[in-house]
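Both of the next two complexes hold chain A, though its partner changes from chain B to chain C.
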Partner chain A sequence: MGKNFEDIIKKAENYRVKYNNTFRDKIIEDMHQQISTILADVIQYKETNDLLGKIEKYVDLFLTSRIGGILVLTIMLSTVLWITLSGAGYISSLLGSFFEYIESGLRKFFDFLKIPELLTSFLIDGVYKSVAIVVAVMLPPMTIFFPLFTFLEDLGLLPRIALNMDKIFKSVGAHGNQSLTMMVGFGCNAAGVVSTRIIKSPKERLIAILTNNFMPCNGRWPLLIMISTVFLAPLVASNSNPLVGSIIASTALVLSVFIGLVFTLIISLGLSKFLKSLGSFYILEIPPFRKPNLLRIIYTSIIDRTVFVLARAVYMAIPAGIFVWIINHLNLSKTITNILDPFGKLFGLDGTIILSYIIALPANEVVIPALLMLYTNSKNFVEIEQLQSIYQILTVYGNWDWKTGICVMLFSILHNPCTTTILTIYKETQSLKWTIIATILPLVTAFSTLFIVYNFLLKHL
Partner chain B sequence: MIQKKYMYNDIRLIFIILLFILVIILFKISAKLIKNRKNRLIKEKKEDILKFLYNQAEKNQETNFEKIQLFSKLKPEKLMKIINILLKERKIKYDKENIKLTNDGVKEAQEIIEKHRKIEKYLFESTSVKIEEIHSIAEKEEHSNKLNIELANTYQCIDPHGDVIKGQGVHSFSILKLTQNLDNTNKIFKIIHIEDEPREIYSKIVQLDIAPFDYIKIKEINTNSIKIITNRGQLIEIDFILAGNIFIVEEENKNEEIEILFNEIEENFDLISTLDKLKINQKAKILGLSFYIRGEEKRRLLELGFVRNSLVEPLYNNMLGDDPRVYKIKNTAIALRKEQAQKIYVQKLN
Partner chain C sequence: MKKECENCQILKNIKNYTKIDYTIALVGNPNVGKSTLFNYLTGMNVRVGNWPGKTVSKIEGFFEFKTPDNKYVFKIIDLPGVYSIFSFTPEEEVTRNFLFLGSYDIALIVLDATNLEKNLILVFQTFDITSKVILALNLIDEAKRKGIIIDIEKLESKLKVPIIPIIASTGYNTNLLIYKALEIIQGKITITPAKYTQPPELEQIIEELKQEILEYYPELQNHPAIKWIILRILEGDKFIIEMIRKKAIKISSSQNIKTKSPDLLII
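Here is the complex of A and B:
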């Protein structure tokens, strides 16, 4: 028996040497041939000359033509973003009042239990409120954006867009699928990082993970919209002409996304030069168009994306809430802002803006509430709906002008990822080194860009 | 008050002692690190010298002290030290003024070379490290003691340059460089080894897509280049500089399968092309994939049905041009980039 076994091993080794590297190919070739002979007997293919097949072919040709490709991409993106942003505010305020209702209930309950004032304040003002605000601002855009995006995914439209965009990304050493992960990044950078799993080759995947942050996520849109409407639009159009104003504002928004795109490409190029010893490959399956499956859409978008991101955000919001509470109760905010002020001034920002970005580490959504809180010296996050009153607070208390607006906008696009995203990057790359690089790299990019733009350009205007 | 002062003094004393201990520990650790590094460097040099001696012996060349020095670029005193260590370990011996490996030395050199090939094989099959970088990484990693478990378990016997991992080096066979066979036109040879040093030349050979185990037929000999046909139907012109790094062997008994293949190739020569050169809706049959499509990429392509004799057809380009392009294979649409399509050989069908 033992001898027999050794004989077999020896025989196998001889075969390996004889057929060398084609051994595996030969087996797979044989398998394919056998399968196709079997299939030829049992399966009949419908002729693809019927109407549906023809339509599908023409749709494909249209989607991959120059006009069609660009048209579909722009319409799709702008529609999805518009629906998300216009719908989110409404649900957000509903959720906000719901959380307020719970808060008052909680307060009564704590009173009833005779829990000391300080602890109540710590638990409710510190922990509960920050979690509530993160959920209230983060959840609505995601519940709208992700189902819409998953719908397009299920339809089979996205691989064709990735195909169209590949040449641009190839020129900087990245993968065409990165365009899809960037689109998910519009919804949430953490989800964008997770979605890089569709990129199979490790180098391109790493590039996509590290640059996803340059796409403004849902949390940054409100700030960008606010600045472009109340700071940039009035520069050109008088307040009496709303149409021109909104055109300017939307141009500024598109421009800011464009800046993010340019930085994505530049950083991708640098990274691919840095990682040049790794090779790459590109194989993309183009699925046929199909009828979207509603259940699957809801499952993927709500469970896989929204809940998953939200859970991590809540997890990161608790320590941030405690941090804010401590700062406010020890009246530290003025001291910290004063320390940070000269540093911020170098980049056209100020200490308050930098502190509010530190507070907003767990979620970019709370930048505006934190700013308002710090400027108005209140004890809690301040939420204001009207853009005009935000404008007044920022200009009166913070001495903002349009230059500050541009600087904050740039910083918002380029700054470090939120802690939720950082945590996700660590989970995805399993490497502390790349997580740190993913955090530091955008921060360095943001500060150096701002330094140049502010000191050499904006200051002299 | 006084007590407190004493207490401060005590704390200071403890602090100083602690600092002292810390400094000693740091010193010891750094000394150990330096020693480790020194030992590692000596080990690397030792192994490099053994490998060098082994290669020289395979080429039937005598090796003396100066030759080793030229190879290792060490100072004579340092080299002498290492050679003395090797002599003590009985891995080398003096034969008059020449230095030779003992049986122990041969064994160790073989082990190192085997390790080198295993690492190269692993990098080639399981990572996406570029093919030109594989040799230099293997050159570094072969000295480390801990070999990756995955690596140790790979039961593959041929490295990416065509060498049998547990076998002898290329120089021990009765094989020829491509430049040595100039009179043998229209004969079929098998490439069995491609030298991976120097890197620039190797990378050029890779770009021409000439790989170990290809069969080639010499077609034409010019003053400084050779024209060959490969078993994938490509007519390639090779410089003599490149040809000198390609080793071929003539098969002892006639291999009819290969002869039929070459006859077929020459009959259909005009129809053979690569996937990227096909026009839209031009149906074709796949002849094979390049040797340099490897690892994960190869697995994916084979899974999708890019195997010999499958039918393939370009469907449409993308918005910005023909890179990447969508191909129809086994009733699915797959997009491939140009560089990949270039490495897939096809024969056009009418």
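Here is the complex of A and C:
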């Protein structure tokens, strides 16, 4: 019997070869024809006085045109980011004081239970505080960014922009929808990686996952803003001219996103050559304009994106908190930064910056607090609101100048994804290989770019 | 638009429902209002998980439907929105495999009245696999606004499957839709969906292979998807070929199998 079956399969194969594998095309072609015949008989079109439809058509034309689309996109994204960043600081400090309140309660409780001081310090300074700080810095920007973003998505605006971008992305072997996943990446790279599910074709999806990290997330914006405002803007404008200063600072920010974009496109091109075997197939469709559904927006943005990312972040923050606690308690930070210093100097950074990035593996948000902690020799993360005070600490204790600023900025845009994102990449690709590549690839890109920029350009200025 | 699904009842606490009478597989292209219908019927009272081994979301919900003499608990599975089931993408694979091998009582295909041409490929492909189908023609209000007039009776006579015009966002006519679906499930209406015709030479090859496959695996004789299976073999679909080689196709699959327990969920 079994042999008989193999014969049938062989026969089918012969037919397939004979017809040059065109069965499917033939069937589809036939099907289309029959569908057209059926529908010609069933559907009638009538002229209507449909004003709404006409408006929709013109709005569509505008949004899918190159200039209109990019204009709307820029305005929308900057507005969303501006609202996010200005609103988040406020909520963050509220959350911060709330967590401090809990902390004092916890200390009293531990005291009451007569728990040894070392253990109290480990649990509260190490575990609790790192979780609290990650939640306090990550939660507010996400709760503002994601509902706004999901609203635009639901409205049908974003898919039109994706269509606009398709040409650019297609030319590097990627998918137009990658522009959407990159925008989600502005909010959070982990969420950006999850959002690549909208790219159905395996090759293009993998490219979008591996390059999402080049879009600076919420956690990196404060650092980028700080450097462009206090290190780069004064280069051109004196401090007495705030308007020119802020224009320079914004230009620097836009430029940093642009650098991220350029790297995304270059790496995508490289990957698409490398991944040829994965196969690709896709249709890009514009959904109709819709009245956004508030419930769904809240559900998608809060449950699907915020809570889920935060849960992973907390999970990754605990070991990092323990790590910081240990190096602080054993007074290891000076030793480690001294060891890392010569390595950092190769790239225009220093040992403290490298260690800060190691500490900030679970969340990019804590890079500045970690830098300040290490430079000022504190036991805990240091949070300072005033940019000028941060500037003073960095220049006085850390010997930063504008060149360091540029190097850190580049490193921030190009370096490895945070552990939350890495974990998410693993969950999405189900592959250790791609997870490792997703981690190493940006890191190599960051160090090699910095090495070139610093040694061949900045050093000689 | 006043008529809503007055006989439908959203089930508040789905955990308490172990008894499920019938399962509906919700099929359709992306952006046709499939999820809107799903949310309307289930009140967003859903379980979300992943399909085994895939990063494709699996969404299912429950609702209750009353008829004059009985009431039924329905499980409804929102299959991933796809344009076809040629199985290029993970979504297409999930949908295709569920339609072919999953247990459900009826496939409810949601169509976009403003964009029928693109929808019908999936319709014909679904007809290939199962004959327990019903069509919901969604967005008829929008089609009317755009001046698209669809002769539903005529379309019905061509596809040979009941078509119910609905507006998923308001729930318009969903009552009739579920009622009709129930009639099909319970065998009160028998359906033989229209098949599209293949080029004659291909038809001949299919017939030839079909006889040989039936010799090897006679139980497939009355399988509704027999022709589809042959076509997959002809195309060299490894997954299907393996299933035939192992004779692993449940003969009654997709036909009247009642899922009694929701325990098989991956959450």
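Assume the second predicted complex is superposed on the first by the 412 of 461 C-alpha atoms of A that agree within 3 Å, B and C clash if a C-alpha of one lies under 4 Å from a C-alpha of the other, contacts with A are read in each partner's own complex, and residues count from 1 in each chain.
Everything below uses one rule, namely that contacts are C-beta pairs under 8 Å (C-beta built on N, C-alpha and C of every residue); 3 or more make two chains touch, one makes a residue touch a chain.
Keep in mind the model is a prediction, meaning the values are calculated, not measured.
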* Asked: With the two structures laid over each other on chain A, which partner does A:E428 touch: chain B (first), chain C (second), both, or neither?
  -> second
* Asked: Taking the superposition as given, does A:E13 touch the first partner, chain B, the second, chain C, both, or neither?
  -> both
* Name the contact category of A:G69: first (chain B only), second (chain C only), both, or neither. => first
* Applying the touch criterion given at the start, work out whether A:D166 contacts chain B, chain C, both or neither, answering first, second, both or neither. => first
* Asked: Is A:S201 contacted by the first partner chain B, the second partner chain C, both or neither?
  -> both
* Could you look at A:K459 and tell me whether it touches chain B, chain C, both or neither (first, second, both, neither)? => neither
* To do: Return first, second, both or neither, reflecting whether A:V42 touches chain B, chain C, both chains, or no partner chain.
  => second
* To do: Have a look at where A:L52 lands relative to chain B and chain C in the superposition and call it first, second, both or neither.
  => second
* Asked: Which of the two partners, first being chain B and second being chain C, lies in contact with A:K379: first, second, both, or neither?
  -> neither
* Do chain B and chain C touch any of the same residues on chain A, and if so, which? -> 13, 16, 24, 28, 32, 45, 200-202, 279, 281, 283, 285, 287-288
* Asked: Where on chain B is chain A touching in the complex?
  -> 128-131, 133, 156-158, 162, 164, 212-213, 288-289, 291, 296-297, 300-302, 304-305, 307-310, 315-321, 323-324, 326, 331-337, 340
* Can you check the complex and tell me which residues of chain C touch chain A? => 30-31, 39, 44, 53, 55-57, 83, 86, 88-92, 114, 116-117, 120-121, 124, 142, 145-151, 154-155, 158-159, 196-199, 202, 205, 209, 212-213, 215-216, 231, 233-236, 241, 244-245
* Given the complex with chain B, which residues does chain A contribute to the contact? -> 13, 16-17, 20-22, 24-25, 28-29, 32-33, 45, 60-61, 64-66, 68-70, 159, 163-164, 166-168, 170, 176, 200-203, 276-288
* **chain C contact footprint on chain A (complex, rising order)** => 1-2, 4-5, 7-9, 11-13, 15-16, 23-24, 26-28, 30-32, 34-36, 38-39, 41-48, 50, 52-53, 197, 200-202, 279, 281, 283, 285, 287-288, 295-296, 299, 427-428, 430
